[in-house]
Amino acid sequence: MDRFVIKISCPDRKGIIAAVTQVMAECGANILDLTQHTASDAGTFMLKGEFEVPAPFEIQAFEDAIAPVANEFEMDWQLFNTKVKQKVAILVSKTDHCLWEILLKHRDGELDCDIPVVISNHLVNETVARQFGIPFYHVDYSVGKEAAEERMQTILKEYKINLVVMARFMQILSADFTRQWVNTVINIHHGFLPAFKGAKPYHQAWAKGVKLIGATAHFANEDLDQGPIIAQEILPISDKSSIRDLVQMGKDIERRTLLDALGLYLSHSIFVHKGRTFILR
Amino acid sequence: MDRFVIKISCPDRKGIIAAVTQVMAECGANILDLTQHTASDAGTFMLKGEFEVPAPFEIQAFEDAIAPVANEFEMDWQLFNTKVKQKVAILVSKTDHCLWEILLKHRDGELDCDIPVVISNHLVNETVARQFGIPFYHVDYSVGKEAAEERMQTILKEYKINLVVMARFMQILSADFTRQWVNTVINIHHGFLPAFKGAKPYHQAWAKGVKLIGATAHFANEDLDQGPIIAQEILPISDKSSIRDLVQMGKDIERRTLLDALGLYLSHSIFVHKGRTFILR
Amino acid sequence: MDRFVIKISCPDRKGIIAAVTQVMAECGANILDLTQHTASDAGTFMLKGEFEVPAPFEIQAFEDAIAPVANEFEMDWQLFNTKVKQKVAILVSKTDHCLWEILLKHRDGELDCDIPVVISNHLVNETVARQFGIPFYHVDYSVGKEAAEERMQTILKEYKINLVVMARFMQILSADFTRQWVNTVINIHHGFLPAFKGAKPYHQAWAKGVKLIGATAHFANEDLDQGPIIAQEILPISDKSSIRDLVQMGKDIERRTLLDALGLYLSHSIFVHKGRTFILR
Amino acid sequence: MDRFVIKISCPDRKGIIAAVTQVMAECGANILDLTQHTASDAGTFMLKGEFEVPAPFEIQAFEDAIAPVANEFEMDWQLFNTKVKQKVAILVSKTDHCLWEILLKHRDGELDCDIPVVISNHLVNETVARQFGIPFYHVDYSVGKEAAEERMQTILKEYKINLVVMARFMQILSADFTRQWVNTVINIHHGFLPAFKGAKPYHQAWAKGVKLIGATAHFANEDLDQGPIIAQEILPISDKSSIRDLVQMGKDIERRTLLDALGLYLSHSIFVHKGRTFILR
């Protein structure tokens, strides 16, 4: 048996689920898991379904069968074969707690993807990547952002990357770059967005005397720290905490939030609509 | 348009969703929300669906149409008309924080049910019930549990009650009683079950030095504090807390957990299988 | 025995605690609870101590004894007799969930203060206040903010109020007003400040697709929603939530956060320094 | 300057803090941080204080000065030089997520201790220990628990170990062993104690349908999973989670709870009294 995930979003109308499941039934699919939500505040229908089919599955036949339905309901839809692993590239600078988290969990089979490449603007994490048998590329930013990004694009293409994860990558990607990777670059910001955008969010949080610190994983776009939010977590803090304490405690929620976002992406649970995400677990 | 909720559970097999949604489509139903889960550790399929139909809906026709499907898949299924409000009776003793919570939220339209009656083994909360225009019955336990419960059963039948909520009712219902109200009596226990069963859970928690206190809403059955768990919440506590502090802080999570459980019941989100619940939000 | 709380803040130096506790010992005080923090990021020492003394306590003698120490260390200090209850006024508009919460908990002895007066710009909550035997004043804002605030000031003075609690009071206090009540007006904002300042924070949160909603209790000052933060809480939310759901769920964290802040104030746990609070529990 | 931490516990009486801080002042100590709690439900006074003294500090003089005070108040007291790092041994079996967490955080300077040795009943984690330059000992349990524990005791003595951390060590220590290491062996249990003692707690939790999973770090004693609780955390879970999901999600709270407990130990924040801990942060 092969296993597929289908994602659909379209304007809300009557009969979408019946029409879609009918096509699936006709193609011999057994639906294992189906979750659906109509965001009535936005008038949008979203559906994620997982189904089994006897191998070999005639994808073309399925696509032919669903085409008129998709057309009728003005659907955006995507089909994913769960056997085909997403290819994820990691961008990292010097700070390595997110990198270790991803690589250790991946080694333990807790991240359903391939990680064919680690890219960094520093050399220090090369040994970490190599320890897990992953090719490491040093991209020198001293040659200028444009050239550096061009080099990264080349590497990403070479490895046929689907998703870029900024695991504490301390360079801002250009608008030119993010426009080529729409909703496929995940960044971790060490603050509870939309508060504390930009640099030194823990310093900002301490000065403001907030009682909770947070981390936010979001898709990177041309507006710094403004892309669609994927996952957020917070930690209550004592006012006895120093800025240094906040930085240290924050590392745990940063990696946890980033991993949560990555898991949601890999399970095809993220829908983006009107500049925000909807997560269908 | 009328709006219905259907709940289905059955052994997991292929094609259930397609078969059910097909019947719905044929009956002119527009599915608004559908959530489904297959508990593979238990081999059980569960589905909750909400749909709209043009009024008047021919329920008999729908039942006739779904009967062969239900039979084929060995389904347990229930259909709820969202216009028909569930009738909820509240049992309460002296402590009133859960009672106030339910009545205030009900007044604000946040609980989709009727509350036709409040029953108590004490007189003290009569004025609270009357303030919200709800009939209040004092059931005297000094005549013995059997007679008292018989009296309660009479009242519950008179008001055609669907669900009984023990909002801090300090009497243990007999096995005879709970057997007549299977999965339709919700109790709030002021501890994180299965730890701290029985009396004085906050004293137990303090003596044990736990770092979190909890509350558990569960269906009452013949085993004290052992019925299927519906909702649980916890609160981190400082070791500077006295037992009295724990009792006071606990009140907030008790009422919150009880209200959460009540909301889940009223939205038909609770499935019970093999002695535990599965909540499909 | 009488019981007192002393609060001290001053620039950090050597020997402060020994000097202070020495004075206490000489005055026959038995320290029951002492918590202290030096915010090294701000160079500030803060201490809260609770002590018992044989009645009648010679306050003047204590003040005479501590004066040279206070002078030497440039201390700000305050002494509170725990027998003298703080007088708290409640400002409320139409929304009543925070009002009920305060009055019910006060009735249960969970708030160590007097609540001699409730003030509102609407008439609707008069019956609630009266039910708890508390005088209610309707202050008509149609005569203009200046006149309305003048009337409120008169009432607050008449009742010798120490603390003003804005329990969802939907008027912005003027800078003129808040300058007379520095760090003695607590407001509850239904958003996680500093994000989502101003109107309709739940609409802002939904549009942004945040995964947590929050509430913030803070001292009101001339900058709208910018005063020192006292307490904050959050609630994880599902993306299946509508704006209406957020508003409803938010009510619970609003009242909880406001009550938390009120309790911290009444226990003299709030220190304000350089525009932020430090909470010493 | 040298920095010391003093821990004191004794029956609650008047004047303890003044007497102690007086001694400190006389010895030239500058108190940096002092936190104290009187557990009135247990009649016990506890104090943790951190102070600076000009080096070299005459410890003997301090001990001589505090002796009569300690005697008078029947104090248990301990003095720690913060320059002298605690020596921590790690016991681990095959599962390595807690081991990595400790070693990476230790490398980053976030754990104020020495880790001179890792001991395991398996060989698999030898490379991990060596990567951080830490001696690794394989202790073979096939020779019997008694011989294996004797071997471990020898190693622990050789390395002058102060604290043993069971970082998912899947052997039960004998009562004979734990009696020699009272309140100096920290174990991580992957359940919310006192619920779910013993084996396969996630299986128990799933079968019971709890809505939260937890982890508990506690001192090991002769009663399995019954020693004084140091730290606890929970994670809300969806009922769509399989047992496998619980195990995976649990790993994160296990390591976090264990690290929290270890940090509390190293900062001398744990008091044990009447079979439970009191944490003074």
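General observations
By written order: A, B, C and D. Residues from 1 in each chain.
Convention: contacts are C-beta pairs under 8 Å (C-beta built on N, C-alpha and C of every residue); 3 or more make two chains touch, one makes a residue touch a chain.
Source: prediction; values computed, not measured.
Following the contact convention of this document, A, D is the list of chains adjacent to both chain B and chain C. Ranked by how far their CA centres sit from the centre of chain D, the chains are topped by B.
Just to note, of A-D and C-D, the chains joined by more C-beta pairs in contact are C-D.
Once the centre of each chain is set as its mean CA position, chain B and chain D turn out to be 41 Å apart.
Computed centre separation for the pair chain C/chain D is 37 angstrom, with centres defined by C-alpha atoms.
Residue positions 37, 238, 240 of chain C each touch two or more of the other chains. In terms of which chains touch, the assembly is arranged so that all chains touch all other chains.
Chain D contributes residues 37, 39-41, 192-196, 206-212, 214, 228-229, 231-234, 238-240, 242-243, 274-280 to its touches with chain B in the complex. The part of chain C that touches chain D in the complex is made up of residues 14-19, 21-22, 24-25, 30-38, 52, 236.
For chain B in complex with chain C, the residues that touch the partner chain are 97, 100, 104, 108, 110, 238, 240, 248, 252, 256, 281.
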